[in-house]
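Note sheet for the following structure.
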Amino acid sequence: MSRTLMQRLFEPTSIRDMAIGTKVIVYSILLFWTAFVLFPIYWVLITSFKTAVDVNSGPVFLPFIDFQPSLHAWKELFVFDYEDTLKAYVNSLIIALSSTAASVLIGSMAAYALARFEYRPKFGVVLTFVLVMIAAFYAVGAYGVDWRLASASGIAVFVFLAIALGRYFKARLSNGDILFWMISQRILAPIVVVVPIYMMFQQVRLLDTHIAIILTYTVINLPIVIWLMYDFFRSIPIDLEESAQLDGATRIGVFWDIVLPLSRTGLAATTLLVMILSWNEYLLALFLSTSRAQTMPILVAAMNAGERGILWWSMSVVIIVMIIPVIVLAIILQRYISKGLLLGAVKG
Amino acid sequence: MTVVLDKVSKSFGAVKVLHDLSLEVQDGEFLVLLGASGSGKSTALRMIAGLETVSEGTIHISGRDVTNELPKNRDVAMVFQSYALYPHKTVAENIGYPLKIRRLARADMEAQVRDVAQQVQLDELLDRYPKELSGGQRQRVALARAMVRRPAVFLMDEPLSNLDAKLRGHMRAELKHMQHELGITTIYVTHDQVEAMTLAHRVALLEGGRLQQLATPRAIYEDPENLFVAQFIGSPPMNVAHGTLEGGTFIVGDDRVATGGSETVRNAVIGLRAEDCRVVAPSEGQLHAKLFANELIGDHTLVTAKLGEDTLSIKASKDFEAGFDEAIGIAFDPDKIYLFDKDTGARIDRRG
Amino acid sequence: MKIKSLGLGVASALAMSVSAQAQDYSGVTVEILTRPGPVIAQRLVERGEEFTAMTGAEIRVTEVPFSELFQKILTDWATGTNSIDVGVFASGWATELVDGGLVEPLDDYIANDDKINVDDIAPYFREFNQKIGGQTYLITVDGDFQMIYYRQDVLEAAGLEPPKTWEDYLAVAKAVHGQDMNGDGEGDFGSCMFKKRNNQSYFAMGTIAASFVQTKGTNEGIFFNNEDMTPKVNNEAWQEAFRIYKATGEFGPPDELNHDIGDTRGLAMAGRCALVIDWGDIGPLSISEDGAAIKDKMYAAISPGSRRALNVDTGKLEDCNPTLCPNAIDGINYSPFGAFGGWAGAINAKSDDTVKQAAYDFLSYVNQAEQSNVDVTIGWTGYNPYRNSQLESTELWVKAGFSEAAAQNYLGAIKDSLNHPNMASDLKIPGAQQYTGVVLDRELARFLAGEITAEQATANIEEAWEEITEDFGRDSQKTMYNLSLGITN
Amino acid sequence: MTTTDDTERSGETRAAVPGGGRERLADWLDRHAQHIFIWPAVTMILIFSIFPLVASFIMALSRIRLRGGSYRVRFVWFQNFEKQLFGSEQFHFLGTFGGMSILGWVVALLVTGGIVWWVLRYLMSGPTVVGLVGRLFTWGLVLGVGWLLAATFFSGHPFGTLGTTLFYVIFGCGVQFVIGVGLAFLCSLPIKGRSFFRVVFFVPLMITPIGVGYAFRMMADTTKGPFSPAWQWLGLGDFAWAADPWAARFFIMIGDSWQWIPFIFVVMLAALESVPRDYVEAAQVDGASSWEIFKDITWPQVVPVAATVLLIRVIEAFKIVDLPNIMTAGGPGIATESMTLHALFAWRSLDLGQSAAVAYLLLFVTVVTCVSFFNLVVLRRIRA
C-alpha cells in the first residue's frame, strides 16, 4: 500500500492523473505548512494591535471579536518615538544597501578575476606573510609596541623577506586554492573575529560609524558573493569577452558592459540574499554600533525592556516594518530571478 | 596595413606551441593560416589580436610594434567561430558597440551602423536580438561589427565552420568579394584547405607549431616545400610510394624511375598527384601496381591501387573498367613527380 | 501613548517653572548611554528636553540592550573612544570604572550646587550608592532594593498574614496557589519569581540569601569574607536559599524558568500572582493604566527574614540568638537586599570640562526633589524612591493615584527596608558582572534545571569566584570590597 | 559605392590616436586588471578576516583586562583552552563527566569500531599524504565527539555547549533538509496554486532572526501564548518546556527550522525544476516506475545542488546564537547554550581570553566538519 502511494506521489505528470487520495495528501501537507509558516506572522501582526492587558491576560486571537485592536504601539513608534525609529531605519537602510552594493561589486570582481585570470602565488610567500603578521601581533600584545609601528615594520620585513627568499620557494598555489580560501572565510563564526574588529575600529576612531559596519558586512558577505558568482562567470563564453576587448573595451569595460549584464539572474539572487543577511544582522551590529549607527535589529532587541517586560506590541510593529524593504527588493529583483532563484549559484 | 611577425614563439609552461613564426602580410592581402587542430594557427592569430602574450619575438602592425600592446590598441577586428554576439544587445547595439566604446556621437554612430548593416543586408533586422537570427544572419552581424570601425586588420577565426555546407559556400564567395571591395588586410584561420585555396592571396601552412610553407595557393599546390605540405593539400592527397633513390633513379620494388637528377637517398619518397597519373596496361606503365578498388565519382573514376605497402589514387576516365586485383601500369609525365627525403620530409628535386 | 503624553505635559509645565537662573550651554552636547525602553531612558529624554529648553545643552540619550550596557560603557571609556559622556547604569558597576580612573569625582560639583540637597537622599543611597571609598562618583536617579509584594485581598480572604520568613512565604504561596485572583476563571499562582538565565535571577537569589547570611549590619556583606576575600558562599545558608528559590517554583507559573523580570511583572500586573519579589516599581505600576487588576490590592512589606542564620565559622545554619543576630526583630533576622543598587549617572572623566559641568547639572536636575518626587510616583519611569522627602508624606502618592492606605503601606515598607541597619549591599567590585551575572547566575540556572545539587552549585561558585579573584588580584579585590561596604582603614 | 566616402572619412576620425593622460590611465588600469579585480577582495579579507583571526588567536592565549586607556595583555599560553577542556569550565564546554553507563560503553565502542573500519578501508584504497592528514582531523573529531557523547549524553550526564551546538547542526540541518527537499518536491509537482505556495514558503527567510526568536518565544509561552488553551486542554498546563533541556532544545529547533527550511526549499525547488523533462520522458518511455524515475533520474541530477545547499546550511547552523539567546538565554541551566552564545557570555563579562578561546574551539570544530563534508561529500557528489 505504502509503496503504491509512494509511486503515485512521485508520478511526475498532471494533477488530474493523481489519485484523489494522493491529491488530498499533497494538498493537506502543503496547506499544513502554509499554516505553520503564516501563523507566527499572523500572531505578530495582531500582537502589534494589542494592548498590554490583551497580551498578558491569556491569548486572544481575533481582532474586533475577542479584543479591540489599538493603534497605540504604532503611534508610539511612529508618532512619539519617530526620531529614534527613523534614525535606526535610515541607518539600517544605508548600511544594508551600501554593504550589499559593495560586497556584490567587490565579490563579483574577485569571482570574475578567479574565473578568468590565472594566479600562481607562491606558497612560501603567503606563509611568510602569515608568520610576519603573527610576529607583529605578538609584539603589540606582549611588548606593547605601537600598532602603527608594528604594522609598518611588519610590512617592511615581509617585503624584504619576499624579495630575498622569493626565488627559493617552489610550491605555488592556484586559483582553486584562492577560491577555497575566500569561500572558507564564511565558515568563520563572527564571534571569532568580532572582538579584534572592534578593537581595530576603536584604534582608528571609527566605532559607531556607518562606515565601520558597512565594511564589516561587506567582508562577511564577500565569500557568499564569490561562491555564487564564480560559476555564473565561468559559464559565460569567453569569446564574448575577447570580442569586446578587440572592439576596444577595457577589462573593466568588458566586466561592466558584457559580464555583469549577462549574469543578472545570479546577481539578482545574490543581491537579495546578501541584502537579507546584512539587513537582519545582529551580533556584529551589537558590537560595532552604540548610538549613531544603531540598526533595526538592535532596536528590536531593545524592545526587551527588562523590568517592564518585553514590549511585545512595539516589538511586533518593528518586526513587521522590518520586512518591508526586503519585500520591495524581492519584488524589484523578481523579474530577473524568475524561477531560477539561487540555482546555478549553488550548482557546484 | 601590413602585419609582420618576426620569430614569434609561444610557450605554455614547458610546452612550446609555436616555434619562431615569421610572416609578412602585405597591405590589403588576404592571408590564410591553414593547419590541423593543434598546429598553432589559432594561437598565432590570438597573438596578433593580443589575446595571448608573446613569449619571444615581435609583432608589428602598420609598422608599429604592438608586441606588448593591449588588444584594444592594436586596431584589429576579429570574427570568432562562435560569432561572439552579445546576447543582451540588439543587432544595432552589437554592431555599434565598437563605436560606442570610442564615444562616437550618437547620430554618427547610428548612421555608420546603418551603412554597414546595409552592406551586409541586415538593415531590416537591426532591432532583433541575436537569438532571433539564423546562423547566416548572425555571421553577417559579426562581420558587420568587425567592419564598422574599419580596422587596420581583420582577423577571422574559422568564421564559416558553424554554417551548413551550402551556406558556407555562399558566404565564402561573399567574404572574398567583400574583402576585395574593402581592401582591408585580412588574416584568416581555417583547417579547411578548400577555404584556404579559394579565399587566400597567400596561404601559410602550419604544423606542430612550425611554418611549413608560405605561398600562393597555386604555388603551395604545385610546388610544395616538403612532404607534409604535399600530403596536406589536395583532394585526394598526393600519392606517395616509398623506395630508395640511387644516383637519380628512384627504385621501388622492381620498378626504376628516372628522375632527371643525380641524388642518392636511402629512404626516399616519390610523390604523384592523382590527376597527373594515368592507368595503362602493365607493360606501358613506369610503375606496376595491383588494382584495389575503383569508384565512379561522376566526371571521372577514382582508381585505388596497391604498390607494395603504399596505396595510390589515380583519376581515370569515367569509362575505365577493371577487375579487382588486376595488375595495372601507372604512367606519368616525369616532370610531374615530386621527390622527398623520407627522414627529413624535405623536397629533394626542388632546386630552383 | 497616553502615559507618555501625560509625562510630556508634566514635563513642559515644570520646565517653565525652573528655567529661571540656568546657565547657558548652547552648543554643548551631552551623550548619555543607558538601557532601552520607557523604563529609565524615556524619562531622561523628557527631562533632557526640559534641560535643553533651560540651558541650550543638547541631551542625547542612546539606548542599548541591558545585557550589553556595561561592556559598552567600559570599553568606550577604557579604550579612549569617549563617545559617551554620561553612563546611567547600576551603581554597583561603577567600582570597576572608578578603579580604572574613568569616572569624574563629583564632590566638588556637589559643593557648588545649591539645589541638589544631598542630605535629603536616604543614607543608604547617599553613602553606599553614590560613594565609592568615601568619594562621590555617582548621582542616583532611582533607588533600588527588593521587597515583597502580596495580594492584600487574596491573603485576607484566605485568612493569612503577609509572610515574615521564607518558610511563611512558601506556606502562603502553597495555600493560595491555584485560586483565581483576577476573576478570569483560571487558576492563578501563589508566587511569581523570575528565574530565567542571564537575566536578573541572581538578584532575587540575593534577596533570599541575605537574610540567612548577613546579620551584623551592612558592613558585613553577603558575598565574601572581608578579611581574606574568600567566598562566603559554599555554606548551608546559601544552599538553603538556593533550595527555597527553587521551591517557590512549585507555586509559580509552569514555565517560570523562562520568565525574566518583565514576564513576572506582566503576570503580577494582570493580577495573577499572590506573592512577588520585586523592586519598588510594582507600587507605582499598580496605579498605572495597565495595573488596573491590582490597583490598591498589591501591598508591600520588607522582604522576608529568617529565624536561622549563618555561623560564619562553621558554615552551618543556627537558630538566631542575640549574639548571632543582633539586629533581629522577634527572633527574625531581616536583611533587605539592595539588589542592583539603583540606576545612577556617572560622568566620563575624559569629557570636556564644559560637557562635564553640563552633564553634572543635568544629573543634578533629574535628581533634585522637585523633579524626582514626581518621577518616582510614575510607574513606567522605573524610578523608585530614594529621597526622604519622597517617603515623608503620602500626599505625592495619593495625588499620583494611590489610595491613602496603599500609599501608607508602600512607603512604610520602603522605610522599613531603607532604614534597616542590616540592609545588604549588592556586590560592587571589579568583575562584579563575572561573579554574579555569569558564575552565580549560571550555577543557579543549572541548579534550577536539576543538573546539579545545591551543594555542587555552591562549591562550583566558590571555585570559580576564587579563580576570578586571583585573576583580578586578591589584595586589590579585598580593598575594593571593603571600600564598597564602607569599611576604610 | 556612395558609402565608401563616408566610411573613409569617419574611418580617419576613428583612426586618430587618442592621446592624453586619461587614455594612458585607462591602459594602465587595463594592463593591471588582473590585480585590480582581485586585490580589493583580498585586502578586505586580509584586514577584516585574517588579521582579526590572528589577533583572536593571540587573545585566546592571553588574559586581557581593560584598564583606563588601554588593554592589559598577559600571556598565559594554553591556560584558557585548558580551562575549557580540563578545568573549571569543562562541564560548560564539554559536559559533566561521571561514570560511563553500559550504553555509553556500547556507543563508544561502536564509534571506535566505525572509525577503525573507516581508517582501514581508506588505507586499503591507496591513500595520499594530503588525504591522510586531512582525514586524521576528521577521524579525530568524530572519535572525540563520539566518546564525548558516550561519556555524557549516553551515560545520563548533561553535555556542554559543544554537544548542544552539534545537536543544532546535525539534528537541525537534517530535519530542515528532509522537510525542505520534501516541500520542494511537492511544489515541483504540476499542481494548482504552486506559485502561491512558493511565495508563502519563502517568507520566513525575510524576517529578522531576532524577530523570529521573539515571535517563537511568544508562540511557545504556556501562559499567554496562542497555544496555552491547547496546553491546558491537553492537561499539559503544568508542563514547562523551558524547564526541560530537551523540550527547550526542541522548541529552539522549531524556530530555527521555521526560518531556514525556506532557504533549502527555494534552492531545491529551482534545482528540481531545472532537471530537463527529456530525461524523465525518456525514462517513462523505457517503462521505469515513477519511484525509479525519481531515484535514478531526478535525484542524481540535483544531488550536487543538494550537497552544496546542505553545506551552506551547516556552515550557518554552527553560528546559531540569536534564537537560544532570545528564547531561553541558554537555559534551563546551560542546556540550550550554543558555542557562540557561550563565547558571547564570556565577552559580556569581559573575559576576552576565554571568549576568544571558546570562539577558536568553535572555529576548529566548524572548519574540520565543513572541510570534511566538502571534501568527502560535496566534491565527491559533484565529481560523480
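Residue numbering begins at 1 within each chain, and the chains themselves are lettered A, B, C and D in the order written.
Everything that follows uses one rule, which is that contacts are C-beta pairs under 8 Å (C-beta built on N, C-alpha and C of every residue); 3 or more make two chains touch, one makes a residue touch a chain.
Remember, it's a predicted structure, so these values are computed and weren't measured experimentally.
The minimum number of touch steps separating chain B from chain C is 2. Ranked by how far their CA centres sit from the centre of chain D, the chains are topped by B.
Between the interfaces A-B and C-D, more contacting C-beta pairs are found at C-D.
Centroid to centroid, with C-alpha atoms defining each point, chain A and chain B lie 55 Å apart. Between chain A and chain C the centroid-to-centroid distance comes to 40 Å (mean Cα coordinates, whole Å).
Between chain A and chain D, the centres computed from C-alpha atoms are 14 Å apart.
Listed for chain C are residues 68, 75, 79-80, 186, 199, 260, 266-267, 272, each touching two or more other chains. Among the residues of chain B, those in touch with two or more other chains are 70, 72, 102, 149. Residue positions of chain A with contacts to 2 or more other chains are 55-58, 199, 250, 301, 303-304, 310. Pairs of chains meeting the touch criterion are A-B, A-C, A-D, B-D, C-D.
Contact residues on chain C toward chain A in their complex (touch as defined above): 1-2, 4-5, 31, 33, 35-39, 60, 62-66, 68, 72, 75-76, 79-81, 83-84, 182, 184, 186, 199-200, 260-267, 269-270, 272, 279, 281, 285, 290, 292-293, 380, 382. Interface residues of chain A facing chain C in the complex, by the touch rule stated above, are 51-53, 55-58, 72, 75-76, 80, 84, 198-199, 202, 205, 207-208, 286, 290-292, 294, 298, 301-311. By the touch criterion stated above, chain C contacts chain D in their complex at residues 67-68, 71, 74-75, 77-80, 100-102, 186, 196-199, 253-258, 260, 266-267, 272, 431, 433-434, 437-438, 442, 445-452, 460, 463-464, 467, 471-472. The part of chain D that touches chain C in the complex is made up of residues 63, 65-71, 88, 92, 96, 158, 217, 221-224, 232, 237-243, 245, 248, 327-335, 345-351.
Chain contact summary for the complex, chain A toward chain B: residues 237, 239-240, 242-250, 253, 257-258, 261-262.
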